[in-house]
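These are the structures in question, set out in turn.
Two complexes are shown next, each including subunit A; its partner changes from subunit B in the first to subunit C in the second.
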Partner chain A sequence: MARDILIMNNLDGGYEVFIGGKRRVFVHAVDNVSLTLRDSEVLGIAGESGCGKSTLAKMIYGAIVPPLLVRSGSIFLYTRDGNVVELNRLSIEEVRKKIWWLEMSYIPQNSMNVLNPLKRIKDQFINVFKYHNMEMDKNEVMRHLKDILSSLSLPPEVINAYPHQLSGGMRQRVVIALSLLFNPRIVIADEPTTAVDVVTQRIILSLIREWRENSKSSLMLISHDMSVHAYMDDRVAVMYAGNIVEVGNVFDVFKEPLHPYTRALIESLIRKGDKTIRKGLAGQPPDLVNPPPGCRFHPRCPFAMDICRREEPPAVSLGKDRYVKCWLYASKR
Partner chain B sequence: MSINNSLIIENLTKLYGYGLLGLKKFKVLDSISLNIDLEKPKIVVLAGETGSGKTTLLRVIMGVVKPDSGRVMYKGYDVHRLKGSMVRWYRREVQPIFQDPYETFNPLRRIDSYFRDTVRNICGIRNGDEIERRIDEALRFVGLSLDRISGKYPHEFSGGELQRISIARALLTNPKILLADEPVSMLDATLRVNILNILKYLKEKLNMVIIYVTHDLSTAYYIGDYIAVMYRGTLVEYGPTSKVYQEPKHPYTYALLESILEPDPALREKYPLIKPSALEIKEFLIYGCRYASRCPYAKDVCFRKLPPFIEIDGEYVRCWRYTNYKE
Partner chain C sequence: MHPLIKYVLQRALLALLVIWIGLTISFILSRLMPFNAADLFISRLVSQGSALTGEEIEVMKRQLMELYGLDKPIIVQYLIFLKNYMITGEMGPSFAFFPTSAREIIGKALPWSITLLLLASVISWLVGNGIGVLAALTRHRKVSNILEDVAIAFQPIPFAVLAVSFLVFYALVLKLPIPSGGYVGGATAIEMFIYMLRRALFPLLVLVVFGWFGGFVSMKALALKMREEDFIVYSFLQGAPTRSIRLMIFRNSILPQFTSLVLGISRVFVGSLLVEYLFNYPGIGYVLQSAIANADYNLMLGILFFATVATALATLILDLVYPLIDPRIRYPGQG
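Then we have the complex of A and B:
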């Protein structure tokens, strides 16, 4: 069995917001999340907008700037040279120099808009080299860059272009190339294909897949789009209102969703060439400032019982690699 | 199909300027022709990628954007030359629903004030009880009621509710055509289906034509009776949805349908890895077919001349492959 390389224990955090400068409100976006990422696997994080997927990614990556606040929990990373580092104990400087780009890299949401608009593509790459104190001959850098770009099927002229001269799909590929520059072992991709059309989406996913097959790295893929998960993932974790409600092998989860929320989510998906009437869920996701007591899904759940309204359900292990956070399964143990 | 009961789009072209002073022009919409008869209720989907001109086309139909050439005829009247009370008549007949329900409403205004204004100004009803009856009736269609919305502000509703409210507002004037611009793209998957089902129900119940803009082809199939596929400002294919999905005629439609990922991991091996090509804005500037530089069947003529829009058993397609053009 593949080794765990990133272990998250009881992560808990959210956003601290002050209303009118006085009243403190805590948006509890990630609530007691435990998850592991294994060597060379694709772990998908699925969930609707506002369920805490991106917050979880930021916490793992260590990009914690106010108002984001981590209240408790720990993240362990097995580095390339075999050491174990507790990520949340490191200072931001250490994380920047030793972890980011080298061990772990992050493809941000909206990645087509993260390039510096005033810098040519080649300078953006050179900056990254400089930051990591890599002395490289300029010609060598250029040659290396052209190799990278051609592997992404971008024409070599791109290195002299400014970001606005490229199309959205091209910029996205440049950002992906940047984040894979030092061949990191873990890549966290936050909605890498949301803002692009279907054809470009296929191209970008193909690219990530190809890279992963060659490099044997681990990928944490965050997306609200269940078809992306079906296409890419080995394992998938479904989030709802800050909780991970179900984790399992992607084939099992799609075939036999256990948690009532996952079931509703999968049933509401529209498939190509299918006109049968589908049903959605009534109600709306809860307010994270004031989440409902007990199970956060209970107001919308068709199977809600008394205990669901009072107590938070435990994570029940059902078979290999399968966890469900639901009272329906707690008794069967 | 009679002229007096159809929406006819004739040779519509719209230019947008670009560059420093906007003096250089490109065609956002290029010779678009489409006939939609209003006899039977139906949902016509305008599908295409971002920047294909689908929203612009919708705005031209709505009458808020003027075309540079060509015209839109609604029941025999040119939409962009209406005067006086006819403008208000057209506003009653054709109503929009926008993409983002949170931006549709002013956060500082109460929701019901929108309803009252619409009834008063566009329908011309002054009687208080009559206004309330009308509003309540419209809200019942989407599963809400006047009691539930009166006095409330937009932030008191969820996205799904707001979108239902904005559909109800559009229904107030008893429109013949609803123009829906990606009404579900801002909503969560579990709520999305509910809105789609409401639109399907309204179409039958109120005998309406809904023009539905989307980039999501799975939704397009679920909801649409007819589909118009757009690419870089041109309409490349138009026909009944099931027919277009079963045998797409235009190479672009084919590529698009092949690219849809299905939410089923068992099918993942079906999709081969594909290589990117350098996509260019220049495609807008090509004189011939916009898809020519990416099309596997491209011939010389495709780069030089825009293909004609031809009819093949009930479907329309804009492609040189289906003509008997000889080089």
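Then we have the complex of A and C:
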């Protein structure tokens, strides 16, 4: 079995917002999340908008800037040279110098708009070298850059272009090249393909997948789109209202979804030849300021029982690599 | 022809057109004044007690009009005026200081105004934008909010009120000396310039103290917004050190501010009567005011000519320079 390289224990956090400068409101976006990322795997995080996926990504990456607040939990990272570091114990300056982009990098949401409009593409690459005080030979970097870009099927002239001269898909590929520049061992991709059409989406996902298979790195892929997860993931974790409700091998989860929420998500997918009308899930995701008591999913759950309204369900382990957080399965044990 | 050369030529021609329209409007305005220089001259003579008969006055007026070139039909005056400005570069004699040429008078006063106002607009711009970007980036939110409150409170107050209050405070409350000095006759150009700077120092101080608000308020807003931009956040996640991020925010939010700098500089050519009056500073504003009061057409048009040319040139410079500092703005045909 593959080694764990990133272990998250009981992560808990959210956004602290002051209304009118006085009343403090805590948006509990990530509630007691434990996950592990293994060597050379793709772990997907699924869930609807506003369920805390991106917040979780920020917490793992260590980009903790107010109003984001981490209340408890720990993250352990096995670095390239075999050490174990507790990420949340490091200062942001240490994380910036030693971890970001070198050990762990990030492909941001709406990645077509994250390039500095005043800098040529090549300078954006050179800047990343400079940020990490790396020795570099300009000509060699240029040659290396042209290789990377051609592997992403971008023409070499792109290095002298400004971001606005490229199409959205090209910019996204440039951002992916930037994120993979130092061959990090972990890449966190936060909805990397949300803003593009399905054709471009597939091209980009295939590029990421190809890179990952060659480099043997690990990818944490965050997306609301279950079809992206079906295409990319080894394992998938389903998130609902700040909780991880189900984790499992991607084949098992898609074949036999256990949690009622996962089931609803997968049933909503379009299948070839199936002409029945898709059923939606009634209700709205809960307010994270005042989450419902017990299981956070119970107001929308077709199988809700009394206990679901009172007590938070435990994480039930069902076979190898399979966890589900639901009272339906707790009784079976 | 290379598209860039074509573009520059086009813009230059447009600037010429703007100058011509500006000159024509100034000319029309000057002739619409309800009195002329000859009338004023005679009325002054009469009020000083010269006993002149009606006939003498008529003769004198005709002679004066002839001397000033105002006896010709208006259209001829206009053509001569255009020929003077566009071709020979002559401005004609000043009426009030006859026969000194208008150009000579302007040439004496203009450097004073340029020295003071150029320094004032550049320094206020630098100070305003500099403090603005620092205020947006600092961790001391209280200080920057207080600064912003002060700037917003002072911005709408007319400069006259602020400047007089400052003078009163400076001279009567703090009892500090206002630097001044006697005119050095027959000095070299450098000595002259140093003298000019010394005279300019105090009004400059006042202009800068009350001149940075606008730049500050808009720069702070721009930089605050820039800080949240996706590409800044992305650079942060890439591991960019704070210094690089600050530089990037500054570089990206200064672009729109550049317009206000160049247009501000173009305004120095009309001078500022208010400043010159309050601080007893010999600039072009005074000259313009007296030219209007005396219906001194040539002098007045000469000053307005400089102002028009400066504004047209500033616009031209902005058009030509923006593509150099912002790659998103391109010259036509550049792709």
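The rule is short, and it goes like this: the second predicted complex is superposed on the first by the 331 of 333 C-alpha atoms of A that agree within 3 Å, B and C clash if a C-alpha of one lies under 4 Å from a C-alpha of the other, contacts with A are read in each partner's own complex, and residues count from 1 in each chain.
Everything below uses one rule, namely that a contact is a pair of C-beta atoms (placed from the backbone, for glycine too) under 8 Å apart; a residue touches a chain by one contact, two chains touch by 3 or more.
Bear in mind that the values here come from a model prediction, so they are computed numbers and not experimental data.
Asks: In the superposed model built on subunit A, check whether subunit B and subunit C fit or clash.
Replies: Subunit B and subunit C fit side by side in the superposed model.
Asks: Draw lines from the C-alpha centre of subunit A to the C-alpha centres of subunit B and subunit C: what angle do they form, to the nearest 10°?
Replies: Taking subunit A as the apex, subunit B and subunit C sit 70 degrees apart.
Asks: Between subunit B (first) and subunit C (second), which, if any, makes contact with A:63: first, second, both or neither?
Replies: second
Asks: May I ask you to decide whether A:178 touches subunit B, subunit C, both, or neither, giving the answer as first, second, both or neither?
Replies: So A:178 only meets subunit C here.
Asks: Quick one: subunit B or subunit C, who's touching more of subunit A?
Replies: Counting residues of subunit A touched by each partner, the higher count goes to B.
Asks: Return first, second, both or neither, reflecting whether A:156 touches subunit B, subunit C, both chains, or no partner chain.
Replies: neither
Asks: Go through the superposed model and pick first if A:293 touches only subunit B, second if only subunit C, both, or neither.
Replies: In the superposition, A:293 touches no partner, neither subunit B nor subunit C.
Asks: Examine A:207 and indicate which partner it touches, taking first as subunit B and second as subunit C; both and neither are also allowed.
Replies: In the superposition, A:207 touches subunit B alone.
Asks: Rounded to whole Å, what minimum CA distance do you find between subunit B and subunit C in the overlaid structures?
Replies: So the smallest C-alpha to C-alpha spacing between these two chains is 7 Å.
Asks: With the touch criterion stated at the top, can you tell me which subunit A residues are shared between the subunit B interface and the subunit C interface?
Replies: Common to the two interfaces on subunit A: nothing.
Asks: State the interface residues of subunit B toward subunit A in the complex, per the touch definition above.
Replies: My answer: residues 49-50, 158-161, 188-194, 196-197, 200, 215, 217-219, 221-222, 245, 255-257, 259-268, 271, 273-281.
Asks: So in the complex, the part of subunit A that touches subunit B is made up of which residues?
Replies: So the residues of subunit A touching subunit B come out as 48-49, 152-155, 167-170, 173, 195-203, 205-207, 209-210, 224, 226-233, 250-251, 254-255, 264-266, 268-275, 277-282, 284-285.
Asks: Residues of subunit A touching subunit C in their complex?
Replies: Touch list, subunit A to subunit C: 61, 63, 96-97, 100-101, 106, 108, 110, 113-118, 120, 127-128, 130-132, 162, 164, 175, 178.
Asks: Show which residues of subunit C lie in contact with subunit A when the two form their complex.
Replies: Answer in residue numbers: 230-231, 233-241, 244, 248, 251-252, 326-328.
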